[in-house]
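One structure below.
Chain nomenclature is as follows: A, B, C and D, assigned in order of appearance, with residue numbering initiated at 1 for each chain independently.
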Amino acid sequence: MAGTGVYNGKILEHRHLNDYYSLLTIEVPEIAMYAKPGQFVMVACREQGSLDPLLRRPLSLHNILADDGQIQLLYQLRGKGTTWLWQRRPGETLSLLGPLGRGFRLPPEVNKAVLVGGGIGNAPLLPIAQVLAQFELESRFFTGARSEAHLVGVEPIAALGIPVHISTEDGSVGRQGLVTEELAVYLERERPDYLYACGPLPMLKAVVKLARQYGMAGQVSLEETMACGIGICLGCDCGGKKVCKEGPVFAIEEVVLND
Amino acid sequence: MAGTGVYNGKILEHRHLNDYYSLLTIEVPEIAMYAKPGQFVMVACREQGSLDPLLRRPLSLHNILADDGQIQLLYQLRGKGTTWLWQRRPGETLSLLGPLGRGFRLPPEVNKAVLVGGGIGNAPLLPIAQVLAQFELESRFFTGARSEAHLVGVEPIAALGIPVHISTEDGSVGRQGLVTEELAVYLERERPDYLYACGPLPMLKAVVKLARQYGMAGQVSLEETMACGIGICLGCDCGGKKVCKEGPVFAIEEVVLND
Amino acid sequence: MTEPNLTTSLGALQLANPVLTASGTCGFGLELTPFGDLNQLGGVILKGTTLTPRAGNPTPRLAETPAGVLNAIGLENPGIEGLCRDVLPRLTAFQCSFLANISGNTVEEYGELAARLEGEAVIAAIEVNVSCPNVKQGGIMFGTQAEALAEVTRTVKAHTTKPVIIKLTPNVTDIVALARAAAEAGADALSLINTLQGMAIDIRRRRPVLANIFGGLAGPAIKPVALRCVWQVHQALPEMPLLGGGGIMSGEDAIEFFLAGASAVSIGTATLVDPRAPWRILAEIEEFCRREGVRDLGELIGAAHRKEE
Amino acid sequence: MTEPNLTTSLGALQLANPVLTASGTCGFGLELTPFGDLNQLGGVILKGTTLTPRAGNPTPRLAETPAGVLNAIGLENPGIEGLCRDVLPRLTAFQCSFLANISGNTVEEYGELAARLEGEAVIAAIEVNVSCPNVKQGGIMFGTQAEALAEVTRTVKAHTTKPVIIKLTPNVTDIVALARAAAEAGADALSLINTLQGMAIDIRRRRPVLANIFGGLAGPAIKPVALRCVWQVHQALPEMPLLGGGGIMSGEDAIEFFLAGASAVSIGTATLVDPRAPWRILAEIEEFCRREGVRDLGELIGAAHRKEE
């Protein structure tokens, strides 16, 4: 993890995509240089001098523009921290701790891969999709959301030439239903051999179940409440492993998803 | 106290005068309309959603532009709250509680008045100076500071045509010494009959002593740590009186300045 | 959709809604009238009152801390006679519930204070502040010793027919033991929590910030401790009505207290920061109930103790 | 001007400077090496260790609160054998002081833990966490009962020649009584404070945020309580060396603790928020001393107790 540290990043662009999602472009070469797909940063969501909110917020690297020394964060407006973040403007500075965690790995042998993302879970999938595209591996992207407005981060993956399958719960766009329903049909028919997934826990559970059912290997990116992001507080446990350090990406074989 | 309330003010201008002092111009007609000389506002020095710093900061009305619906605050960079304030930019909104307190009163009969201010204590003197000038009362302004860089708020009073006497501790501008030294000479010679003062406690003590010595009436504006600014917490006691409500301006006769 | 029913009670004290202003943070209520209609609040708890007038502590009496405020007012108040003579007559113009908050140096003083209020119709209930040094027992706080606490409770009960709410201090090893002592001695309800003992130091002067050295910590910083106390007491004494408070700044904070077991909440520091806070918080509670389909406040009280289905 | 002398001590434990990382907030120190040089710190207090390995509590184990953080890690750790086998050998590469932090379910376990560490030269001192339920006494925490605390202290002392630092819990009525009990039982120094018991509730789910319901509150929110504890104990036991901590985020916060009576400080939550915090805080302490003309840290320790001239 050469280069992990606390760095000031300068906001270059901040684009509110709709009422729920926003895309930050940040200049922070120290992180952009070393970051790998699936890694994340811990963002201080408060003004210097303020102690509330106290903890940094984990956000995945949505895009790593190493040559430009830039990263992009794609985030959903949720509570105190993201509300603060939402109001930041270009030119302002953010304190970032990163790059953190063990990201997505390209497995030694893959013929056909699937990417599966739910809602904001699409955020960390772009960098690994870029790698798949770069190696010209056959891959497909299955994504699901509550409704059209909650579909985010799809275009940049589509732009790589990766076919996209959209499901929405209300049918406002794509197929109506859960992403795992469409995924199941595809797995049954095409038998891809590797899977990358990120999304809400119920989705991940269903995905892992499907993967096991079809004997597929793969990796999932997990979320857990974090304080430090660097393995010193032991707050982010998942079956005896630290999500921030041994994850957030885990091999499907090693992952234990409890209720 | 008609009109006292919590209002959002829009920052129109924010001028950093030097490394220590800053002048804010704020559009807040609800306060500008009702405020009187010597009153103050409690400013929330944190972003909405943050709880740190928790308490509002008391700042005097340095200028009340009733017709324009504007006020000005002249403040010194000190700790957490003023550091936050220092970074605000035009267009941003501040939450203000006010107008608060009992300000300077024009006494029934005055022939010759003196204004005495120390450091940032000059801030609340401008509005009462304006009144004195408006009534064409003979008045003089004595002000002291550590050094030239700590002299603030003098020009707008001078611009009213009121003669100004400057003392600095290091002699970098005006007479070298304490403001009360030059004041004493003047009192002895001219025997003015009324005094308005604001400044650090040691200065106020010396001023009150002088006033008593020369049998002068007058008013002083006091500072005390405040939480509410509206008389409900009893935090700001001065000899059984609430500085925020029965003050901050007290008649010299009624004031008790302990160590 | 019909409006949620927010009426609640603390023992025999019926409240139009669960939002009360906390003692010492709302003066005598009158100071808040420029900011809102007292009649819309569940109740107003008056500044702590002692037998004789008190001048309070020297200043500084306040110190800000991260997300909190320390106070050492020292119970400045006009004394019970001053209260009854000068303040209470002015409160009869309002319909909301006024609660007295009493502090004694001895058990007997608590009894006298309660007795003096018995004839004052405007006082709907008595909140008993037991975070006071017991001068007869070397200054140990009444609220930290089960036996002393029980004695205060019994004495106040013996001198009044009004509902008696014992306000517990969190500065104890076992809040449940003290709650139980007050309950067994006849308390009609418990108020949780008073301030945590704390201090701050001025590093330039190299002296404590507060003239009194120690102060009571209030504000959002103490909310987790207050919630834990409410939870533990509700768990142990599910039938005892609780007035919860400590760091409530929003309707959502108040909801946490209801879920932990409080039947009503007291708003303290929030009012110091924003005098409209009690009204805003009430509106936010209503809004939460509407949004979440809560028809009666009772659905929330203690609900977080019930396991998920 | 010469550099200020920041060497200090906790009983027989000599420290190059007063900044230690708090147990449970710095892993085993090794995790911090990408962010700073451990050898520059006064000391590193290792994650709490128990006799047998522990998996800790289910998640969520963390909840943020205003200016604070609740944790219910549940003492996840590899057990004393795991520590001695896998961790301690890797620490010998560093020159700074490493302190073990031990937790037992019974008095005997504390003794066993201390005995096991006796031969481990890399461990400079033992910090004893007494915020653990005493399984033999119905789960009441050792740290809340003077007699149990004294027994733990005596037992640990009997099994080690290393300096023993008893880490007190603030969740008690009378911190001084407990400090005195530990002192009389032979503690070489006291560590003040561990976390305050608290909780948070998730109002959407209507359940406690933490899977464990309760957690320990740490961070700036508790600083006023921690300072008060340090002040009271230093006042009562001026000769007892104190390791102060609770909410220290800056050098200025640390100075407050020295002035209240601490000889060294422990940095906890600050490191979680910023892994460079211990180094930054040390630099800020140095900077303060230079600015204020403090030549020796000793000039500050307890200085706020001395009245102004």
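Everything that follows uses one rule, which is that contacts are C-beta pairs under 8 Å (C-beta built on N, C-alpha and C of every residue); 3 or more make two chains touch, one makes a residue touch a chain.
If you're wondering where the values come from, they're calculated on a predicted model, not measured in any experiment.
When the partners of chain B are compared with those of chain C, the chains appearing in both lists are A, D. Farthest from chain A in terms of Cα centroid separation is B. Centre-to-centre separation between chain C and chain D, using Cα means, comes to 33 Å. Taking the mean of the C-alpha atoms as each chain's centre, chain A and chain B sit 54 Å apart. Look at where the CA atoms of chain A average out and do the same for chain D: the two points lie 36 Å apart. One inter-chain figure worth recording: chain B and chain D are separated by 46 Å, centre to centre, where each centre is the mean of the chain's CA atoms. In chain D, the positions touching at least two other chains are 66-68, 219-220.
Residues of chain B found to touch two or more other chains are 51-53.
Of all residues in chain B, only 51-52 touch chain D in the complex they form.
Looking at the complex, you find that chain C touches chain B at residues 24-27, 31-32, 34-35, 47, 55-56, 58-64, 66-69, 71, 73, 76, 219-220, 249, 269, 271-276. Those residues of chain A that touch chain B in the complex are listed here as 46-47, 49-53, 80, 83-84, 87. Chain B contributes residues 1, 4-6, 44, 51-56, 97, 224-228, 230-238, 240, 258 to its touches with chain C in the complex. If you check the complex, the residues on chain D that touch chain B are 66-67, 220.
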